[in-house]
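In the two complexes below, chain A is the common chain; its partner is chain B in one and chain C in the other.
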Partner chain A sequence: MNGTTARIAVANLSKVFDLQKRRKGRSGLSSRELAAMVQLGRSVLRRGVRVGRRFYALSDINLEVGSGEIMGIIGRNGAGKSTLLKILARVLDPTEGSVRLEGRVASLLELGAGFNGDLTVSENISLHIALSGSKPDPDLEKRILTLSELGDYRDIDLDDCPGGASARLSFATLISVNSDIVLADEMLAVGDTRFKQLCLDRIGQVRDEGGCVLFVSHDLRAIAQICDRVMWIDRGKMRLVGSAKEVIRAYEAELHAKISALDPTASDDAAQIIDLRLASRAGEPIGALRLNRASYLECVFQHLRPDIPISLCFELTNGRKQIIYSAARTIEPVGTDPRAMRGRLKIPPHFLNEAGYQARAKVRWKVDNEPRKEVEMKTDFRAVDSDASESVWAGWDGDRRGLVAPRLAWRFGISDRKRGRAKPL
Partner chain B sequence: MSEEEVLVIEARPASLRGRVRAAWQYRHYYPILFKEITMRKFRNTLLSYWWLILRPLIPVVIAVITFTLFIEIETGDLPYGMFFLSGYICWHLFQSTVRFMSRTMMWMRSVMKKMYLPKLLIPLASIGVPLVELAVTIVAILVLAGYYYFTLDTFYISMSWQLLLFPVGLALSLIFAMSVGMVVSVIALLMRDIIFSIAYVMQMTMFITPVIYPLSSVPEHLQWLFIAFNPMTGVIETSRWALTGFGSFEPVWLLVSVVQISLIAALCLTFFTRAESYLSDVA
Partner chain C sequence: MFAIRAQGLTRGPLNRLPKPKAGGPTVSSAFGALGAIVRGGPKKSRKDGADGQKGALGQDLLKDVSFTIDRGSIVALPGPDLRASEALMRILTASLQVSAGRIEINGSIGGLVTVGANLEADLTGREAVIRERAYMRVPEEREEAFLDEVLAFSGMKEFEDVLIRRYSTGMSLRLGLAMILMAKPSVVVLGDIMGVGDLDFHQRCKEQIRQMASDGATFLLGGPAFAVDDLADRKMFFERGRISSDLSAAGDEEPEDGGPASHVWHVADDQVSCAVLGLSGISVLPPTQSQRSTHIRLHWRVKAAPQKIRLILDFLHGSIVVFRAVAREVIVEELCWLRATVSLPPLLGALHYRVRITCISDQDGRKRTMRIAHALDAVPTAGARSTGVESIPLLRPPLDWEIAPIEEIAD
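And then the complex of A and B:
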């Protein structure tokens, strides 16, 4: 294999979003719907958008990923990592610049993406094989079935399969279909160790065959482990590209520097959120939450005007935008020196259910007679069930419903009417 | 890795040619989308495929009963059932396509968010249900013509070269409907209200289109209004004449419709082309 050809070449890539003005009304002239229509009209007439603000999600990104290379992308929340991946997967159109991809692309932007709950497992697999442009292939289908461990559910609707089936299916498909370029968001965060090993094997195989892998993760350890090179994106700009060790070190150093660089003159805000992330007990960022382990939501922020009391609020929302949990604490004013703060909320093991969630951190304050102000940051994460024996779903092969899944006490017994309660078996 | 596929993504203003090329490149998505969109309609319905037959036939039965038993409309020698159906075939094709297409973009929204999909394929893949309903209305008129043949001993469907104009009418209705439906489906993504209103709009516009009555029953000094502002007038009058010989063939009316529909189609395609990138940003 020729080791020098670039599989992915990104040149001067920029992406601009037109942010909408925040609208308050629910209907009528001030509604979000009408604002969206006005934007649509303007973009169709190519009048540019004056309604909102232009926001550079990515600006001037240049990147080359060669044959046999595993490239990681790191950066803080909202830095543009996922936007870059989406442009490479053609879900978003770039605003400026160009991308050249050489080879077949397989992408996984979201777990369970493109799978349909009303179709059976095998129909879903053939659908995906067809979408990837290949001919129907019974061998491939069999391989995906074995990999995802859904062999017994071949002719059952995906909706009626055990929880996590669509996630396993999308991974199995991603690592089975023939592709030269693999794009994945939080690829290693899901599944048990066996699954992780399969992913690593596949990554090794892609490397040996001269393909390339580009993946985004919050899990710096995993990135350091498998990536040859890493790109660090900061607020849409390329900060550093280099060997994994070097970039991760610089990234961590900067994060610490940023936390301690307190400059109250930089803005009028009483507080500024630096980072919000899902972390392990040791404080290391992790890519996904494991149901059987405690995880922490960590919000790092600067309290720039400690003479003003501020409140930190955490919110957990599910995929349907329902708030599952929220909590807040107020920090009383202490002295006048600005300080870096870390708010940590423990999510106990066996609390959330297997699903995708969004965490949101808000810092609020109020200066005398001015209106209340707040800053916020959000991050998406997944909760995954990695140990079946500890699951609240032990032995259950149906749909895993519920907003939360705490382990409540069970008691089984033979019903005994005289004693009025269950007799232990 | 025998064959190398090279894909270049460039930032450039959306062009119709680019969209068409992308749709062609991804034509293997078409059958999958077609199946998915067509089946989606019947999900969670009790009567499932029977709707394909019921939906076009219910209005036919209601109209025929109303306008033969209760209110009489002058249609000459032609029985009212034949008169109505011969115009209604095109109208139904038009309105069912627009109404069906208004939802399809929304259905595909979750797919669009997660994987690349040339959006032009979605409206193109949305014609399964309308085409089956068209077949149902055509069978209905054949059955009706057969019934009159045995009872009145007259075969009302014209058997000459003029029948060739009927497919032209169908094609015009379909092109017009797909153009309008394309725009409606995009708007429906941002403003769901349009899905509710389109049903009423379709019902109302049927009354200002010569479907239940002939254009000749409209006062002569008002007829030009129908022709000038409603592209379906020329289409329906022409296809009715083509099928049954009712009324007369006015080439100018057809020409006006062709010009109107081509202009509208061009506008709608431009709209769709330019809206595509905006949609992926907000979806």
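And then the complex of A and C:
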């Protein structure tokens, strides 16, 4: 640790989610529920993480981040990275342990949260300056307005501003107000190169002023670039803390080892999902999807019992669980040995809208006379409109509605008669 | 010459009074009473919705509807108020009376509003055709020919001696439809039944309908499927018992001044007017084997120039905006016809969607916003197949998949 005082001190932190559903007025179990319970029981035996119907999202986390330090957090989907950040941001309460934060916290977890659509842009800024503990500051307000490019909309209700204004404003505000601790979730993935640079500048500034930054990302390259130290969380437990290089190497090595560790005797499942991630064309994990680039959903799974055909299903839903895409492919067994496989679903450029999405990968199989089984992994990701000039929404100030935002070709023609040839306009 | 003319046609709500209970207790009523005791209260009737009798059931089916349909036209009644279009079809086939107004039909009428309505279960296919012949106003001397034509067209020749009750829905529909088409009435009313037949039969029906229309027969086709079909040359949309838009297929003559769609504008501006722009037609070109895009073409009549026009299409499923397509702003310098075509890549699943068209016209800074909704049923592309999932996604884009063993990737 290169600072003298700890900005963040977390001791013996645990977070337990109660999986017991409050279900009153019904008795008995449907076959589906029964199957779910059997599944749950299996996973308890196999993983030993879930106790009864309680789920340890985090257990016994100890962490100290000192002044002037940038700390990265990595881990697989559902490992507890976001839960940790949410606890630090005081969105969630810890079940056990203590959290001590020294200084003002800026949490860039959910862009747009905490901004009120019924207030004007300037009122929203004033509110957040006040909430950050500072006195009213016209200079700061001006800076935020310039940064968010909302100068023309200063006295207009946020709801009536162009699409994406809320996200831009919250980003600009959170990054500009005085803060000693910055909590950032996939921060660098958001925004274009200019924003990225601003973000890096700000992170550097916070470090120079003796603050600290906690940075969660799937983008290992970005983590390696900016973080001093990295913590690897695995299924709610601290796996490794150390220099960025060392931890990332260990993390990648384990993923590799897991892929090649084909042990059909370890469980009676016909398949096992190792990883589901958003990746670039080259297969590098990325933190968020850029609308103007093709991205890939990659599912690494093992076909452990080649005598049983399995099917891989990719499902894409939006934040409200509305299903956008869902399709499955059957994988016929080849040979007699278990295989590690990779399924890739290409998400074409200019298909999704700027929003949060959830991807699920499911592998299903059926053994004669037994109910169908499936294993599932999910990952949340954001799609960002990072390049304004290439955006589908370029030149449009109104609502950017829609589950998706495909680019459509328009043609216009005019003619002096109702029928007949129209000359292109 | 007109085929159907309606003036101020109004039909009140259907009488749905509960049936009077018959005599003494029966086994089922005893069970019902027992059930009521166990549940601790009388069973709620499913018909008493949240708004009881005063809900949708209490509304007039048709409200002061006037129109004229010319001979030889094919008119689609795609909804969205299907109760209204069905009421109109039932009035035409004399299975429902009008409450007020009048409707004139020029010629004979034949119709099939619901599947299997015309056939008796205890007759064989052959007997059913012979029996219906008289009702269809086919002269007796044509009986043999009529029978042959119907059996040939419906493809039910080999099932002619099978009882109707053993027919599948599709089979009895084919037979019923074939009878109506072969009887060649001057006005044909068909309910939402075309979807039942297979593609081949569907195609044959379409050809027959086109052929008959060119010979002067008039068709009324109900059901949302006809909203996108290219079969109809006129589409009458009903909303809340009234005609909300009456569109002629693109390219047809348009009545003078205002255009047929002029009354469908919901103009945000105080001045309710379509002084600057009129929509004269919407055509949807479904995907074909050679090209997989759906084209939606809008025909506008530009009545004031110069003006800037921006089109926004929202594709909805229920109330969900699935996606929004915003066109660039076009500047029209002179009075003209403007044709806007948007090409939709293969995205849509086989679901019922709606397109909401918003048009923002800017004439020297004076903005007018107009909206119109249009039904759109996605036609599955040729060769489209089930993807093997039970949850229905809102979109079905053909995304690329790649599944390979890991070792091969590493190479």
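Following the convention adopted for this analysis, the second predicted complex is superposed on the first by the 377 of 425 C-alpha atoms of A that agree within 3 Å, B and C clash if a C-alpha of one lies under 4 Å from a C-alpha of the other, contacts with A are read in each partner's own complex, and residues count from 1 in each chain.
In this section, a residue touches a chain if its C-beta (ideal position, glycine included) is under 8 Å from a C-beta of that chain, and two chains touch if they have at least 3 such contacts.
Fair warning: this is a prediction, and the values are worked out from it, not measured in the lab.
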- Message: Looking at A:118, would you say it contacts chain B, chain C, both, or neither? Reply first, second, both or neither.
- Response: first
- Message: One more residue to check, A:226. First (chain B), second (chain C), both or neither?
- Response: neither
- Message: On the A-aligned overlay, A:401 touches which partner chain: chain B = first, chain C = second, or both, or neither?
- Response: second
- Between chain B (first) and chain C (second), which does A:180 come into contact with in this model arrangement: first, second, both, or neither? first
- chain B versus chain C as contact partner of A:167, first or second or both or neither: neither
- Message: I'd like to know which partner A:97 touches here: chain B for first, chain C for second, both or neither.
- Response: first
- Message: Applying the document's definition of touch, where does A:315 land relative to chain B and chain C: first, second, both, or neither?
- Response: second
- Query: Touch check for A:107: first (chain B), second (chain C), both, or neither?
  - Reply: first
- Query: Where on chain A do the contacts from chain B and from chain C line up?
  - Reply: none
- Residues of chain C touching chain A in their complex? 251, 253-254, 280, 299, 301-302, 311-312, 314-315, 320-330, 332, 336-345, 347, 387-389, 391-397, 399-407, 409
- Touching residues (chain side chain A, partner chain C) in the complex: 259-260, 300, 311-316, 322-331, 339-348, 351, 353, 392-393, 395-396, 398-406, 408-419, 422, 425
- In their complex, what parts of chain A are in touch with chain B? 13-14, 17-18, 33-34, 36-37, 39-40, 43-44, 46, 87-105, 107, 109-110, 113-114, 116, 118, 127, 130-131, 133, 180, 209-211
- Query: Which residues of chain B touch chain A in their complex?
  - Reply: 1, 4-11, 13-14, 28-29, 31-32, 36, 43, 111-116, 186-187, 190-193, 271, 274-278, 280-282
